[in-house]
């Protein structure tokens, strides 16, 4: 008995020792000259700016590369020069001439010239990766791009489009990640079999931004280091360590403990619970991402206009804004997010079960029906879908929720094999065309169509709206153009098989001593450049 | 001997019964290994093709135009019959080429060299804990058979087999990290500063920090690994204590024990030197099998602790339709599992006096 | 009473019936003297009763159906007299969900234990009985499944078949059978050479008659012990799949999925993950205790060593 007791004591002593040894290292604040960020960035699959099309990848390259021009994150209508000092548009509206800024150096030490800018844009067209359409929609192709985009001399770049587009449309597209300027000499040094350095740049860096990419370990860590020679002045933080932390509750924990300086993926309830903490502050910014419910017209039930309208009246917009989306989103019921040119802000729909029941009876479904909804397996999306499951049930519609992984949802969606889809759309650039192009335009509704915009994925093919969308992009007067988009959205809001529900607001939790972090309207405009620690 | 409750036990029993009858056990074993291996590959490959995720979308994303989709589809060889695809893949594997991961843009072989050591480190530590604690309490239970220490050990063991590890891990994090501050954050293997600066030699951070002579980093690594390893070891402690108890009871019934008692050998010596000395032989087999189980069974622990191990690599790959990663990872885990079984079996043969 | 007892425990039973009844009585007594086994028995019985009468026990069903302001007021309520285990983000009563969820757990366990062991059993006995190339082929297939990391295989299968309870059950069954096949094969090998079987064969019994009439019944007791011990493992695997989002889908109250939901709120609303976790733990423990006790009764040469 006594022996046993002694043994137990020895055991306890050993365990205590183990923990004592470990406890010393457990409490560690982050260093003064480095910023530690907790973020879910498992979507990054490449660092090549000609290929980057993921939210996280766009943010990393946004902080490490320069583009010709940029916009003010607080007011996107203010466009200014970055790598280009100034620009002019020709009278016919087709030729853009950029004067390059002097004294910009790449990480390799090479000086940036117009040749680098021309090369970067040409390279994006020739490589023709996923985001290439952002540039190629102006009539560039691998065959003609060398003539359409060229360096006249070391300081001058000209870009010639095939038609006279709204100038802001062209300019906004040049602020996108794909228009980032890469170091031609450095990239071509690593060319293999004529790939323009693609294999190399996917995991390496050749830019001139305020930060340099030191290391990227997928789903683990991204390390940025300050570019001391940055033309806009060296940033204060020597290093930025961005750590992949998949669990939002763990991000909260680390932030509260001071193990990270910024938590990027806090869920609604976590925001509530850190709100009262004096060591933590919240930074909020309306993003362009819209969350919507779409109905596949290939389904005979959903093809009925009354059913579509009924579903729009069965979403608890207000309730969602107050609960699941509290602090993280605002109701938006049109296809353009607030802040975009011509965004429609009217909200004609609210939860109205009686009205919906009437519409369903008219459509021939007085007792409702059973239907499947696919949704990506992420907390806020599932919670929103669950709320719809509850409200739809009030009108007799039994929703079977099918949560899937992101890419799996897209596989089904792209093949038009869903009934209901709940998901998000993020604009590719800051011009209204990006959303009109996908929601209101469908040139070919056949199964083997060349282009498969979101309208196509729901078998929605509005002829007039398609024409209007194509016309709006050529209107150079901003006021007239805004009116055109308002008209398209109004018609779309009533007729289209889409219920737009929420516009996302990004929220980051920051330690109280962190200042200067900027959240922009898109991910590539989230900026670490001015971060300081008090 | 108790019916082994790990599936590995059966494999070991099978191996031993099967190839001891043969004249050329090694050749036979190798042929068996290769057949199993190819079967494993085929199974993984088929499941991979069954996945309802379009691998092309995994590469080019959702918004890519149709022509790019077609091009990538052909480039990935998806237009060929599945048998042809499998033969191509098998050809690659034989040349040590596991392909490139879609998710990480790295060679799968490189990724495995990165991720596997993390799992190895975790499972090894958990096994060490398991042996250090499980064997003594198993002996205790055998000595005090049917008295309360015995019941306590059994009770404790059954609890170890009943709690969902991911839940235990979550509770552990709340208690030991959030409230008590005894361990480091569930953020991976090292604090972020060390993660970047530590020179990676073996990719096992406890060893790498020691090699670098950086004791602060070692402490940091230890603070990160202690909780997941302890939780994982609970399973092995529970299992090993149970098996030790059973082996010890077998030994304590033997005649030599009675003889020794008659000769006046002290009880301590009988238990620790004689009985345990003999019980070690079957125990080694069990330990090797526990190790194998932990190596492949740490998936959920790795997920909760953001541990960059092979289990998480396979799981993440699976969800991202990254089939090369899944196939590569599975091959390694399967191979390790088979090899550990072989090793345990060989050890048994070397140490077992009857086998000599 | 004492007479009956002495009859049951007679050293030289007069009939076969008396002998087997006597054995059963002994086993029964051993089982009831084992406190852990009794606790397990009580837990499992309670689980069964809970599942059968779930709709009567659960006060609020699996969903609250609340929207708007009402939802805002009633969500994330801590445990109270009204909601014993609190409420979740949809204002659903967690106690009710756990009670209803016991049915899901039982369905999973029930289907798996009536498929995997039987499949494994058939493959194992056939393999052991015939030997030769049949044995080689069947055992190679078994090896492949054994060498595959179990949870990863279940995960891959569940993901490939699409998320849902059916896929999860199928995946667990597919990953469980090889162990039973091994067990059955090993037992068959020991029986195959016995005189008793040779005698049956001489009487002209066919292969299938021998396997189903003579070999299978002899392997049955060790199989039952094994299955009972595995039930806890099945529950834990199912919970793991649910935790990874691959089991039953919302609003089905699968316990593992409920823990996953609560994971995001573990710091703010501890009750979301704690209670489903406890439920899994208690039930798994119950099955483990029961299995342990059964092993002592049916397979006295191992385990408890009473």
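The chains carry the letters A, B and C, assigned in the order they are written, with residues numbered from 1 in each.
One rule holds for everything that comes next: a contact is a pair of C-beta atoms (placed from the backbone, for glycine too) under 8 Å apart; a residue touches a chain by one contact, two chains touch by 3 or more.
The model shown is predicted, which means the values in this text are computed figures rather than measured ones.
Of all the chains shown, the one with its CA centroid nearest the global CA centroid is B. Counting C-beta pairs in contact, the pair that comes out ahead of the other among A-C and B-C is B-C. Once the centre of each chain is set as its mean CA position, chain A and chain B turn out to be 39 Å apart.
As a whole-number value, the distance joining the C-alpha centres of chain A and chain C reads 46 Å.
If you average the Cα atoms of chain B and of chain C, the two centres end up 24 Å apart. Counting only residues that touch two or more partner chains, chain C has 159, 162, 263, 266-267.
Multi-chain contact residues, meaning those touching two or more other chains, occur in chain A at positions 247, 253, 404-405.
Residue positions of chain B with contacts to 2 or more other chains are 51-52, 178, 303, 319.
Of all residues in chain A, those touching chain B in their complex are 4, 7, 11, 18-19, 21-28, 30-31, 34, 36, 38, 42, 45-46, 53-54, 128-133, 202-203, 214-215, 217-221, 223, 239, 241, 243-247, 250, 253-254, 257, 259-260, 404-405, 407-408, 410-412, 414, 428, 449-452.
Interface of chain A with chain C (complex): residues 247-249, 252-253, 256, 267, 269-270, 272-273, 316, 318-319, 322-324, 351, 377, 379, 382-383, 385-387, 389-391, 393-394, 400-405.
Residues of chain B touching chain A in their complex: 51-54, 57-68, 101-106, 114, 133, 136, 140, 149, 173, 176-178, 181-188, 191-193, 195-196, 216, 219-220, 222-223, 226, 303-304, 306, 308, 316, 319-321. Contact residues of chain C toward chain A in the complex are 63, 65-69, 71-72, 75-76, 89-90, 159, 162-163, 245, 249-251, 263-269.
Residues 35-36, 139-141, 143-153, 155-157, 159-162, 178-179, 182-183, 186, 189, 222, 225-226, 229, 232-233, 236, 239-240, 243-244, 256, 259, 263, 266-267, 270, 273-274, 277, 280-281, 284-285, 288-289, 292, 299, 302-303, 305-306 of chain C are the ones touching chain B in the complex.
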